[in-house]
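Below you'll find the structure I mean.
In order of appearance the chains are A, B, C, D, E, F, G, H, I, J, K and L, and numbering begins at 1 in each one.
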Amino acid sequence: MIHGPNLNLLGEREPAVYGTGTLAQLDERIALLAVELALAVDCRQYNAEGAIIDALHTARGVYDAVILNPGAYAHYSYAIADAVSSIGLPVIEAHLSNIAGREPFRRVSVTAAACVGTVSGFGVSSYLLALRAAREILIK
Amino acid sequence: MIHGPNLNLLGEREPAVYGTGTLAQLDERIALLAVELALAVDCRQYNAEGAIIDALHTARGVYDAVILNPGAYAHYSYAIADAVSSIGLPVIEAHLSNIAGREPFRRVSVTAAACVGTVSGFGVSSYLLALRAAREILIK
Amino acid sequence: MIHGPNLNLLGEREPAVYGTGTLAQLDERIALLAVELALAVDCRQYNAEGAIIDALHTARGVYDAVILNPGAYAHYSYAIADAVSSIGLPVIEAHLSNIAGREPFRRVSVTAAACVGTVSGFGVSSYLLALRAAREILIK
Amino acid sequence: MIHGPNLNLLGEREPAVYGTGTLAQLDERIALLAVELALAVDCRQYNAEGAIIDALHTARGVYDAVILNPGAYAHYSYAIADAVSSIGLPVIEAHLSNIAGREPFRRVSVTAAACVGTVSGFGVSSYLLALRAAREILIK
Amino acid sequence: MIHGPNLNLLGEREPAVYGTGTLAQLDERIALLAVELALAVDCRQYNAEGAIIDALHTARGVYDAVILNPGAYAHYSYAIADAVSSIGLPVIEAHLSNIAGREPFRRVSVTAAACVGTVSGFGVSSYLLALRAAREILIK
Amino acid sequence: MIHGPNLNLLGEREPAVYGTGTLAQLDERIALLAVELALAVDCRQYNAEGAIIDALHTARGVYDAVILNPGAYAHYSYAIADAVSSIGLPVIEAHLSNIAGREPFRRVSVTAAACVGTVSGFGVSSYLLALRAAREILIK
Amino acid sequence: MIHGPNLNLLGEREPAVYGTGTLAQLDERIALLAVELALAVDCRQYNAEGAIIDALHTARGVYDAVILNPGAYAHYSYAIADAVSSIGLPVIEAHLSNIAGREPFRRVSVTAAACVGTVSGFGVSSYLLALRAAREILIK
Amino acid sequence: MIHGPNLNLLGEREPAVYGTGTLAQLDERIALLAVELALAVDCRQYNAEGAIIDALHTARGVYDAVILNPGAYAHYSYAIADAVSSIGLPVIEAHLSNIAGREPFRRVSVTAAACVGTVSGFGVSSYLLALRAAREILIK
Amino acid sequence: MIHGPNLNLLGEREPAVYGTGTLAQLDERIALLAVELALAVDCRQYNAEGAIIDALHTARGVYDAVILNPGAYAHYSYAIADAVSSIGLPVIEAHLSNIAGREPFRRVSVTAAACVGTVSGFGVSSYLLALRAAREILIK
Amino acid sequence: MIHGPNLNLLGEREPAVYGTGTLAQLDERIALLAVELALAVDCRQYNAEGAIIDALHTARGVYDAVILNPGAYAHYSYAIADAVSSIGLPVIEAHLSNIAGREPFRRVSVTAAACVGTVSGFGVSSYLLALRAAREILIK
Amino acid sequence: MIHGPNLNLLGEREPAVYGTGTLAQLDERIALLAVELALAVDCRQYNAEGAIIDALHTARGVYDAVILNPGAYAHYSYAIADAVSSIGLPVIEAHLSNIAGREPFRRVSVTAAACVGTVSGFGVSSYLLALRAAREILIK
Amino acid sequence: MIHGPNLNLLGEREPAVYGTGTLAQLDERIALLAVELALAVDCRQYNAEGAIIDALHTARGVYDAVILNPGAYAHYSYAIADAVSSIGLPVIEAHLSNIAGREPFRRVSVTAAACVGTVSGFGVSSYLLALRAAREILIK
C-alpha cells in the first residue's frame, strides 16, 4: 500500500476534498480489513517520485500486489508508470477523490494506464475496495 | 444496476478484453453479493442512450443508489452526465476493462465527472466492488 | 416545441441553474403566449436523440416552425443537426441557461449551426422569446 | 442599447448576411417597441473597444439594463467581458446573424459568458427580442 | 443493409448533396443487384443510435455481412463502433456523399475504424459497390 | 489507374496489411474486369509525388477518369490534391487497407477531399470496386 | 494608406526588425511613387483599433483603394477584418517585416483574409509595391 | 503608472477578486511610497487599447520606467506588447489578482513577454512592489 | 522564376481562383517587365518537390535572386524551406491567389518563413511585383 | 525561502539569463533585508521535487509564510502545487528570470496557481520583493 | 548510405548548424571507417523524396543495411517511412544536427518511427556512429 | 554514465522492449569499451529525478562528459533539461529502445533538447556508441 505525495497531511489538507480522517486512521482501517480478508498489508507514504519507484521495485518478491495512490504524480509521472509496468506485479490505483470530476489535468491518469484497474472517489473506501480488488486478483 | 450498450453480448464480444462470462452470470454474481450485503438490486441492460437516461430518471424514489456502466457512452454522452447530475442519487460508474489503458478516446469519462466515483479494470469484480461502494455510501 | 433530455425533471433538477418551475408550468406559459400571438403550439419532451430526430421529421407538413431545446445534445449530436438541416422548416434553438457562461464543452452548439437562431440564458423566457421569434419569421 | 463595430454600415455591409435595413431604421423599430413596452431606450454605436467599455461603465446608475451587440469583439475582447462583469447590471448580448453557423472563430462568444443571455440569428428581431428579455428581467 | 439517421428523408433532404432518389428507390436498386449477385438482402432504416446497435446485434446468426450507413453517427458514436467490433461479422461502411471533402468534423469516421472497409462519395452506387464488396468478402 | 509510392513492393511489403498478391497480379485482375466492363485501362506506378502530379496532368484529354491510390501521400500531399482539382476529370481514391482503422495520421486523406469518392479496406477489390464506380460515373 | 499601431515610432523601434527610416520618410517615398503613378495618396497613422475601423469606413466614397498595415492587429482583430469586408473597396495589406518568419502568432493574419492580397517583408518597398498593386487593381 | 481597462471601477467591481479600495486610494498609496523612494510618479487610467499604446509612446523621454497593469489586454493585445518593445524603457507588469490561478485564458500574458518582469496577486501591494522593482532597475 | 506544381495548367485550372491567362502569357508579361527593369529573367515550372530543390541549388552562382511560387508545397515542404535557407540568395515567394483568405491549411507558409518576403493575391501582378521587389533588394 | 532545482549553480549557470551572483550572495542579501524588515528567514535549496514537498510540509507550524522558486518544476509539478495548497500557509512564487518571455513551456506556472502571487523577472530583486510581499500579507 | 535533400550543399549551407566539411569529405571519412570495419559502403545523395524511396527499394537484395539522413523529409514524409517499413532491411536514421533542440517541427521524426534507431547531433560522427551501429546489428 | 529510472531492472523489465542483459552486464561492456578507448568511466543508476540532477551537478570538475539515459524523465523533466544546460559539459542522451517508434508521449525528448546529441534504438550498443561519440567530442 503506497500512499503518494501530500497524503501524510490527510485530515488537515483541504478536508472538503479529502475528508477529515488522518493517514494513521486510514491505515488502521486498511489493517482491519486486511485481517478480515486474511491478507498481510504494509502501508508506506512517500512524497518523492523516486521513492515511489524504489518502493515499487522492492515490492517484487516481497508482496503479491500493490495498491498505489500516486496523488498528483498520476497525471504526469511516466517514470512511475514505467515502474508499474516493470515489476510484473498487479498494481491497483486508488484515489480518495473522484478525479474524473475535478480540474481538467486530473482527468487523465498516465499511471493508471499501466495498472490493472482503478478505484476513485470513495474516500477511505477507495482503499478498502482496492484491497478487496487485490484479493480477487490474487485468488484467481 | 444499469448495463450500457453492447453489454448484452458479454461473453461473446471480444473475450480477450471483456472476459467470457455472460451478462446473466454477471447479474447472478451481483445478486449473490447483494444478498450478502442485505441490499435489493435490480439489473437492466440498455443499448440506447435515451433508455439509460429514462432508467436514471425512474430510479429516483425507487432506488437509493445507481451503479452505471455507460460503456462507450462514457466518453461523449453529456446527456447521460446531465441525467446523473439531475436525479440527486449517488451514481457509481463501473467498467469491466481498465479504460485508462486503452485507446486515447477511452481515457476520459465525461459521465464519471457527474458520478460519486469510479471502479474500472477488474472485470466482473468492478461491479461487485461498486456494489460494496454503494453500500458504504448508503450506510454513512 | 421540442424539449430535449432531462427537461422532464425541470423544477427538480439543479434548481440553481434551471429554476424551480416544472415543465408543465413552462408549457402552460408557452400556451398562454401562443394564444396571445394567435399561434397553435404543441409541446413534446424526449430524452432520446433518435426520438428528437423523429419528432423533427414528423414536423414537416404539420408545423410551420420548430422550437428546439436539444439540452446536452446541442454539443455533440451532429445527427440532430442534420435532421434540422433536412426538414426545410425554420428551427429555433432555446436554452434555459446561458450556455456561453458554463463549462467549456457547452460553449459551442453544433445543432445551433443548423438552426435559424438561438435564444439562451433567460430561463422560461427563452422559450417565450423563441416563440415570438418564430412568429416574426412566419409573418415575414 | 450598444451597437458595436461596423454596425454603422448596416444596410450597406454584406446585406446577404446582415440585411438591408439601416441602423437608423433599426433604432426606430427599437424605439417603437420600447414605447409599447413602456421602456426608455437610448441607442449608441461605437467602433472602438475602449468606447464600448466606457459606455458600459457610464450605464451604471443611468440605465437598468444594457443590450449589447459587440460585433466581432464578442470573439476576443476579454476587456469588454470584464467590463460587463464589473458594472453589476444585466447585460444581454444580441447578434443579427446566427453566429453558431458562421466561421469557426465566431462560434464562441467570450463576452456572452459574462452576460445574462444571448439572442442571435433573427436580424432586427434579435434586438427586439433582447429588449423584451430585458423587460422580463427587470420586472422580476 | 442498415440506413442511419435522416436517410428516410432521402430525395427530399438537401438534394444537392444527397441526390433526388428516395430511400425506396435506393432499396429497389439494391434488391435488383442482390438478385444479380444471388444474395438475399434486407434493408432497414433507423434514426436512433440504440436501434442501430440493436440491429447490428440481431444481425448475428441471421446475416453473413452488414452494410452500414451510420450517417452523422459515423463521427462520434463509439457505441456503434463497439457494436460493430462486438458482433464478429464483416461490416462495410457506405456513405452517399464524399465525407472526406465536407465539413472538418465529417472527415474522420470512428465507426469505419471498426469496419472492414468504406465506400463513399458515389451516391446510390456507394451502396451497390458495398454490396459487391460484401460478396467478395463472403466468397473468399 | 495510378498506383502510388511503395505499391511496386506489393506482395512483399507487410503482407499482413497489404496481402500477398503482387502488383502485376493486381493489374491483371484490373485488366480482366476492365474487359468485362468494356473499359480500356492503363496502370502506372510511381513513387514520386511529382510523377503522380505529372501523370494526373497528362490524363487530361487521354482518359475519362482516374483511379488513384496515393499511398501515404494521401495524408499530406496538398500538391496532389491540387492536381486532382486542376484536371477536371473524375478521380476516385482507392486504398488496399482500411485507413480509418490504422494509425491516427492515416485517418484523414487530404487528397480524397478533392476526389469524387473513396473505396478503402477491401484489398485488391478496392481497385475493382473503384473501376466499377468509375464506370457508373462515366455512363451517367 | 493606413499605418497601424506603433508605426509612428518607425526608425526608433527595433531598427533591426523595422529599419531606420522614419514614418515621415516612408510617407515621402510613397508620395513620390504616387506622383509617378499618377495617384493621389493620403497617409494616416493610428494606434487604436477603433480609429483604424473609422478610417476604413470613411474611405468609402473618398478613396478607390486602401493600403493597410494593421501591425499586430493583423493577428487578432476580427473587428478590423469585418471593417475591411464591409466597405466594398479593395484593401491591400502591407507589412515591413516578413511576418511568415517571425514568432508563431505572427504567421497568420486574420485581417489579410478579408483583403485582396498581401505584400510583406520588403521594408519600405512593401508599401511601394502595395501602391503599385493598388494601381493594377484600379486600372483593370 | 498605467492602469488598464475597468480599473476605474476599482472598489466597486467584483470586490471578492479585486478588493474594496478605490483607484484614488490606490494612487494615493503609490504616491506615498514614491515619496519614500524619492521617485516622481504619475498615474493614468485608460480603458482603450489605443490609449494605452499612446501613453506608452509618450512615456519615452518623460519617464524612466513604466508600471503597467494591462488588465484583460494582457491576454491578447499583441499591439500593446509591441508598444512595450518599441519604447526602449523598462516596463513592469502588475496585476492585483493572481492571474496564474484564475480562468485558463488569464494564465498566459502576452504583454508580460515584452516586459522586464511581473508582480501579480498581492492586491494594492502588487503596485507598490512594482514601484520598488522599478527603482531597483533604475539605480543599477 | 520558379513556378511550382500545377502551374503548368494555368488558365485551365480553376479559373475562378487562378485567372484565365496561361503560364506562357504570364512568362511573357514577366519578360516584358524584366526588360523594362533591365533584368535578365529565366522562368521554369516544376511539379516535383525535388526538382524545385535542385533548381534552387543550381541558382547559386547563376542568378542574383529567385522568385518562387511553391504552390501547395508552401504549406508543408520543409525540404524546400531548407533549400531556400541553404543557397544564400534572396528568395521571394509569390502566390497568384490570396492564401490568407482560403482554406485553413493554406494560411501558413512554411517556405515563406525562409524567404525574404511574400507577395500574394494579385494574380499575374504578384509575379510582377515580386520582380520589382527583387530589383529593389539587388540595387540596395 | 525554498530555492528549487539548479539554483545551487547560480552565478555559474547561464549567467546571461540568471546573473553572476552566487546563491550564497543571494541569501546574504535576503538576510539583510529580513533584518531590515524585522523578519526571521531561513533559506534552503533542493534539487528534488520530493524534498521541496517535504520542506513545504515542515514549514507548517514553523514559518508564517514561504517564498518558493520552484525552478522548472513550476511548469509541470502538480505534486508541488498540491503541497502548496495543502499546508495552509501563504506561499509566494519567485523567479529570477521573466518566465513570460522565455520558451513557451515556461509561460504557464502550475505551481503559481496554488500560490498567493508571483514575482518574476527582477533577478535577485525578485526574492527581495517577494520578501516584502510576504511581510505585507503577514501584517494584514 | 542515403543522404537526403540539401546535403549536397554541405559545407556551404548554414555552416553554423551543419559544419564546414563538404559531402565528399564526409563520404571519404565514411569510406575510411568502412574499410576499418570491413564493410562495403556506397553513398548516394538525393534531393527528391521519390528518389529516396526508389533508393530504399533498390537496396533490397543488394545491401544488408541502410543509413539514411532524410533531412527535412524526416518530419513529414510518411511515404519514406512506409518505404523503410516495406523493404525488410535494418535502416538507421542519422542527423548531423541535434534535431531535438531545434525548431518545434524538427523535434518529431516520422521516418525514425520506422527505423531501427537514430543517431543525431554529432556532425560527421553521426554517420560514423550509425555505420558502427549497422555493423553491430549485422553481426548479431 | 547516468542510468535513469527503472534501468536497475534491466533484463527483468519488459525484455521484449529492453533486452535480457542486466545492468551489470551493460556496465561491464561499457567498461570494456572504455578501456579500448582509453577513457575512464563511472556508471551510476538513479530512480529519482533530483538524484539525477545532483549527479549532473557533481559531474562538473570531475568528468569531461556525461552520457545520460533519462528514461521516462526524458519526456517531461524540464528540471533535468535545465541541469544539463547548467553544467557546461557535453551531455549525450542514450536510449535502449527506439523512442521515435513507441507511444506518442515518448516521441519528443525535452532533455535531449539540452544535450549535444542522441543515440537511441540500438539496445546496449546505444551506450557504446554514445561513449564513442563522447570521445569524438572530447578529442576535438
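General remarks:
Convention: a contact is a pair of C-beta atoms (placed from the backbone, for glycine too) under 8 Å apart; a residue touches a chain by one contact, two chains touch by 3 or more.
Bear in mind that the values here come from a model prediction, so they are computed numbers and not experimental data.
In terms of the stated touch criterion, the partners common to chain A and chain H are J, listed by label.
For the two copies, chain G and chain H, the CA superposition rotation is 120 degrees, given to the nearest 5.
Homomeric contact chain C/chain D is classed as same-residue, with over half of its interface positions used by both copies.
Taking A-J and A-B together, the pair of chains sharing more C-beta contacts is A-B. Interface equivalence for J-L, evaluated over C-D, G-H or H-J, points to G-H, where over half of the contact pairs coincide by residue number. Chain centres here are Cα means. That of chain E falls 46 Å from that of chain K.
Distance from the chain B centre to the chain C centre is 30 Å, each centre being the mean of its Cα atoms. Note on chain placement: the centre of chain B and the centre of chain H lie 53 Å apart, centres being C-alpha means.
In chain H, the residues that touch at least two other chains are 48-51, 76. Applying the touch criterion to all chain pairs gives A-B, A-J, A-L, B-C, B-E, C-D, C-E, D-G, D-H, E-F, F-I, F-K, G-H, G-I, H-J, I-K, J-L, K-L.
On the chain H side of its complex with chain G, the touching residues are 48-51, 53-54, 57, 76-79, 81-83, 85-88, 110.
Against chain F, in their complex, chain E makes its touches with residues 93, 98, 100-101, 107-109, 112-122, 125-126, 128-129, 132-133, 136-137. If you check the complex, the residues on chain H that touch chain D are 4-6, 8-9, 12-14, 46-51, 71-73, 75-76, 105-106.
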